[in-house]
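Presented sequentially are two complexes of chain A, the first with chain B as partner and the second with chain C.
This part shows the complex of A and B:
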């Protein structure tokens, strides 16, 4: 099991590099993960997306798709890609401490 | 007299109509199937049409011919489902009350969802092969094409038959090779996935396959728009891929009647319990096949496996007992790889496609995740199996629940 060191604490990660235990998550950790993903600062639109993702996950057990994000979070697709470059759904889920979205096969 | 109403007479609706026709007492139940068209297409055949392997008329049959005598077939569009009043409104103006409803309205492509995809170039330099018209037009076009850069683009997931795009590429490689013009065609796959396929082991194996055939993959490409003037795909992050010939798998969505009923998710797929196949939060409503939001593959083989589970659950449900048969997400897909060969993958919600052998009494074993001629025969045989066994709701020699027999786990 991979781990990540934050503030002297080892946090467990899953096979996709996302948090293994959702309970480990807090806002500082989110900032830390974001920095590693190349997002130096989390602004309020970032937080709006992150919180929306966490709410959906809490209720439904899977993170929302980009299409759902733009439809319901009030942030348009273009902006989403600016906030979370290279795959907002996956990235935002990681920062939100959620497993990689299952998507569909 | 109670009423079993099935919306959609495609793969899933037809299978279920056949199963229920022989199980429900005629004195207790009448069964109705509603569909907007008379023609039932064997959709897996669309893949072969662009390459002249099948012609469209070889893969279409009258829908009614596959529905047993006691089933009432209603030819009409479906307007809206009112789950509260247990009534379905049809475009014909008729309203049908039901005691039990099965939604099997499938999924279709929606090129209008991508900026710049649907315009006068659609059918000229940009094609689909997921519709009869699209596959036919592409067949015409390929006959006269002199070569260039062929890009197969998957707009977004999920799509029906997620291996069909790969099969298209393999067949294109074979087609151009056989016509002595492979060196004039540059073949590309542009996909939102991180690799050739979704799950790690099969993604690697299929990725190696593409590489060996000289097919370039651009992964993680989230299609934002099509620039028709410059003939290029533009991703949301502004990366670009140019094309001469675009073969597109546009956004797949559930039918608009689902949205009109206020039932669907953002892609009009009906939220469904992934084990029991009951529609979430609705009484006496079940969902089968591509219409649901299940995280299983949208494929005919999956509709078949689901139908065995749904059949048990419906029989329990109408007796007032809880639905307790559980679907495991089982999928079993032949992958045509060109030059008379094919692969086979078998997987479920939990277990990704693995290599090994797939035992099938009498015919098999088929090779899993490995190329062989017998898998190609399996694929070609599927058309016969589809019309003669699968649609008729017959038992196939493959269990609804996935088995680990023959699979190699590392």
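This part shows the complex of A and C:
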């Protein structure tokens, strides 16, 4: 299994490169993953999306779709693509320490 | 068969939507949205009856075809009963909503906001005598086939 080294600690990743254990996640780790994904700074709208994703996942066992993000996280589609370029749902899930979303939308 | 796993990832898709039924329009929209979600550049080109999906007055009243559609597993005469198409359409819309796929109008906005360009086919617009004001505001232009190919340079073209 692939791992990533953060602050001297090896963190396990799944086949998609997302965290294998959700409990390993913390805000510093999120910043680290974001930096690797080409997002140098996580601003408050970034955190709004990340926290919303984590809340939905906690309740439902899958990350929300782009449509739900748009409707319920308070961040619209255009902004989502600006915050998380090249695939907001997947990238935000990765930064939020969640598996790749399963849905098509 | 060739091994495709090591091939270059898809960078760009140009999706043509040529049918105006609900089941004819959704696949192209789902593919376009899915492309953007994967960070793939995408554009949509609506032609013939596919144009109904971007015509303001029609986009939210597309129907499922219950006649001439073997996938419905319904005898033609049964499918022709008045109200059958509306019934099948209602059922499909309900199921589509359940899996979080938006109605056509909202989907077009979402896809456009995601950075997908939306074009109408020049020949069809001329044939049906359509005006720019007939289209929803997300339409980026009415273009010819030649312009479509120019814009699709380097893309995979998907015809639906």
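Operating definition for what follows: the second predicted complex is superposed on the first by the 103 of 105 C-alpha atoms of A that agree within 3 Å, B and C clash if a C-alpha of one lies under 4 Å from a C-alpha of the other, contacts with A are read in each partner's own complex, and residues count from 1 in each chain.
To be clear about the criterion, a residue touches a chain if its C-beta (ideal position, glycine included) is under 8 Å from a C-beta of that chain, and two chains touch if they have at least 3 such contacts.
It should be emphasised that the depicted structure is a prediction, and the values quoted were computed from it without experimental measurement.
Chemist: Is A:102 touching anything from chain B or chain C once the two structures are fitted on A? First, second, both or neither.
Modeler: first
Chemist: Using the superposition on chain A described above, determine whether A:76 touches chain B (first), chain C (second), both, or neither.
Modeler: second
Chemist: Touch check for A:86: first (chain B), second (chain C), both, or neither?
Modeler: both
Chemist: Check whether A:68 is in contact with chain B, with chain C, with both or with neither, and answer first, second, both or neither.
Modeler: Both chain B and chain C are touched by A:68.
Chemist: Touching chain B in one complex and chain C in the other: list those residues of chain A.
Modeler: Dual-contact residues (chain A): 65-68, 77-78, 81, 85-87, 103-105.
Chemist: Spell out the residues on chain A that touch chain C in their complex, using ranges where they run on.
Modeler: Against chain C, the touching part of chain A is residues 65-68, 70, 76-78, 81, 85-90, 103-105.
Chemist: Could you pull out which chain C residues touch chain A in their complex?
Modeler: Spelled out, the residues of chain C in touch with chain A are 30, 33-34, 36-39, 99-102, 109-110, 113-115.
Chemist: Tell me, which parts of chain B touch chain A in their complex?
Modeler: Within the complex, chain B contacts chain A at residues 156-158, 162, 197-199, 220, 222, 224, 236-237, 265-267, 295-298, 331.
Chemist: What does chain A use to touch chain B in their complex?
Modeler: 62, 65-68, 71-72, 77-78, 80-81, 85-87, 102-105
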